[in-house]
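Next come two complexes built around subunit A: one with subunit B, the other with subunit C.
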Partner chain A sequence: MSIAALGMEGGGDGFVAPDASIFWEPVIGSGATAITRPVILLVISAALVAWFLLATTKRRALVPGKGQMMTESVYGLVRNSIAKDIIGSHDFMRFVPLLFTMFLLILVNNLFGVIPPFNYPTMSRIGFPVALALTVWVIFHIVGMKKHGFIGYWKSLVPSGLPKPMIPAIFVLELITDLFTRPVTLGLRLFGNMFAGHILMALFISGGWYMLQAGGILPVAGVVTWAFAIIMTLFELLVEFLQAYVFTLLSALYIAGAVADSH
Partner chain B sequence: MHMLTIPAAGGETDGGFWATAAPIIPHPIEFFFSLAVFAILFWVVAKKVVPRLEQVYAERSAAIEGGMARAEEAQAEAKAALESYNAQLQDARGEGNKIREDARAQGAQIVAEMRAQAQAEAARIVDTAQKQIEAERQSAVVSLRTEVGRLSTDLASRIVGESLQDEVRQKGIVERFLAELEAGDIRPERVGGDL
Partner chain C sequence: MTGNIAILGYGLSAIGPGIGVGLIFAAYINGVARQPEARGMLQPIAFLGMAITEALAIFGIALAFVFKV
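Presenting the complex of A and B:
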């Protein structure tokens, strides 16, 4: 770590680069039963989302006001661009609440990563994205089995029209994809992006802070580092939106695959 | 910057495992809260928000489609009215034609009737006139016969100098004479010698 090395050269008590332990912020209790700061952030985000949605849809004007316009545009994005386009106009409507909730909850929690005073992307704690991915996993299996029947669902994993000798191999591959790859990648992608983004920003900001306090020409490097931190923050904003979008999009894709007539 | 202080503080005081655990291990409380909070928010969205938004969507598209439908309806109405006017015009035109035809036929019939009537009248008049003429001729013949008879007897009596006043004889002679005249037995004879 070159910045840490520079820091050491700059003097003082030495720079400790932020590691995974910066994510551990228990507020109430300790250990496995602790109510951590991201839990509180999640509750706050859900309350904010619920309040905003209910407040902006209360009047239901045909010509919407600003708030209603915002809610409607996000809703339109999830409803039409994700749910309708991917699942198809026949039975997308029953998944819209799920996808809409998913998108908003992830988006707001991701944005918390760069919004003071929260400054913490909830989804950088694996417990949250894994729970959401598991929810999606359970749902697309249930709707798939409802549609095709228990046996029919597993049969529908293998695309029709394959040569007979290939069927077992493809089935195993599809089974691994269906049972393991999909939920794990869905959860890990969100977690990894938020975790890495946050730790990178922590590194830039804390490193810059360290250098600003150091002597010599290091404060100049500190200013440059903070400038980068600002750019990183803007970049992070994009990633946070994209990850919420991708998570919702993939959820819709998996559901679409499960309810599709045939592969 | 508490981020910098956390590693030191959290790592020492607060159950070392979770502070230093691999970030890939889910924290049970966080996992549970994620499910619970998601479920609650999902409930709110599914029960309240989406129905409201769908209602707005439906109302808006109904308003737009309603406007379009109304416009279409008005257009259809206008078209129907135009068609009915055209049909009426057609009817009226047809009726006019029919009336004209009827009138022409009726006129022709009237003319024919009148002509027939006039011919009948003319025939009647001619007939009457002929009958009258016949009657007058008859009466003229009768009166002429009497007159000629009288005149000729007068003349004859004067010429002959004999009174032929006796009715019966006179009549018989005249009748005979006339019968001979009609039969062509009597030729006009030259009375005078110079012609």
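Presenting the complex of A and C:
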């Protein structure tokens, strides 16, 4: 992202705030079939995660080294405090590979938003979170139907012990939650946080640059704006980790709800 | 003055969920402070509550981009 792309060459027309167009960065080709920057970043992140996991677990030792220690602590977080605590100790193990992959992929892609050579959160393009949310959506419906049977799964949406007249209304509400609200919010939460955080950082940095070039007392404000940009970057780091955690946690919650014995 | 009125709509739609998420985590912190061993049980409930409450704000930002003039 060049300074010119942010729309602030310091011309006479005043400051133009960055908008959603800064996210469109085709590298090869153009139009609908272009290979864009987030696509390349996603491939890099997948290769990076695969290489790191293979390299740190190839020569496993009883007393772990630095790399193995890192891998084990991340795996332990997903396995114990997300999968085991939420899905239950009976059948959590078959979902750990999915949750671990999701967590690492989202975490690395989010961190790309603040790591210098990349500087682009992949999940700020809506297509990537939608694909992840759809995967979770399909999986938790399928495991639920396998567990309860096709009819039984829809029946299990309504909590037992309700008075009879309430059942249709609650069923419709639960159906909307299950089919629409859950996948949409799961995808949009990740997208919205990454998108808003990135555009906010772009705004602070480009605004500071514009004010530094202006005359009078404005450069002082520009320095303060850049200080805020640094603070926002640190805040983004926290948000990026938190969103990866929340996405994995909610996936585990939805799977747990589908495989639970009594809803 | 020019601009997009949708941004005001998003601001309005963020008020309710903001208060709601605050209430949920206040209750969660209270619960953990009173009974630290209940943390594992309270955490998924708090995050599920947050996910449901936050949904309105997320629909807000999505619709702010959908209904731009």
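Just so it is clear, the second predicted complex is superposed on the first by the 250 of 263 C-alpha atoms of A that agree within 3 Å, B and C clash if a C-alpha of one lies under 4 Å from a C-alpha of the other, contacts with A are read in each partner's own complex, and residues count from 1 in each chain.
FYI, a residue touches a chain if its C-beta (ideal position, glycine included) is under 8 Å from a C-beta of that chain, and two chains touch if they have at least 3 such contacts.
Nothing here was measured: the structure is a model prediction, and the numbers come from that model.
Contacts of A:253 after superposition on the shared chain: subunit C is touched, whereas subunit B is not.
Applying the stated contact rule after C-alpha superposition, one finds that A:185 touches subunit C and leaves subunit B untouched.
When the shared chain is aligned, subunit C comes close enough to touch A:196, but subunit B does not. By the touch criterion defined above, A:226 reaches neither subunit B nor subunit C.
Contacts of A:118 after superposition: neither subunit B nor subunit C is touched. In the superposition on chain A, A:204 makes contact with neither subunit B nor subunit C. When the two complexes are overlaid on their common chain A, residue A:101 makes contact with subunit B while staying clear of subunit C. Shared-chain residue A:42: touches subunit B; no touch with subunit C.
Of the two partner chains, both subunit B and subunit C are touched by A:20. Judged by the number of subunit A residues each one touches, B leads among subunit B and subunit C. Taken together, the two complexes place residues 20 of subunit A in contact with subunit B and also with subunit C. By the touch criterion stated above, subunit A contacts subunit C in their complex at residues 20, 81, 85-86, 177, 181, 184-186, 188-189, 192, 196, 246, 249-250, 253, 256. Taken in their complex, subunit C has these residues touching subunit A: 40, 43-44, 47-48, 51-52, 54-55, 58-59, 61-62, 65. The part of subunit B that touches subunit A in the complex is made up of residues 1, 3-4, 6-7, 10-11, 14-15, 17-20, 22-35, 37-38, 40-42, 44-46, 48-50, 52-56, 59-60, 63. Of all residues in subunit A, only 16, 18-26, 30-36, 38-39, 42-43, 46, 49-50, 53-54, 57-58, 60-62, 64, 68, 71-72, 75, 93, 96-98, 100-102, 104-105, 124-128, 130-132, 135, 191, 195, 202, 205-206, 209 touch subunit B in the complex they form.
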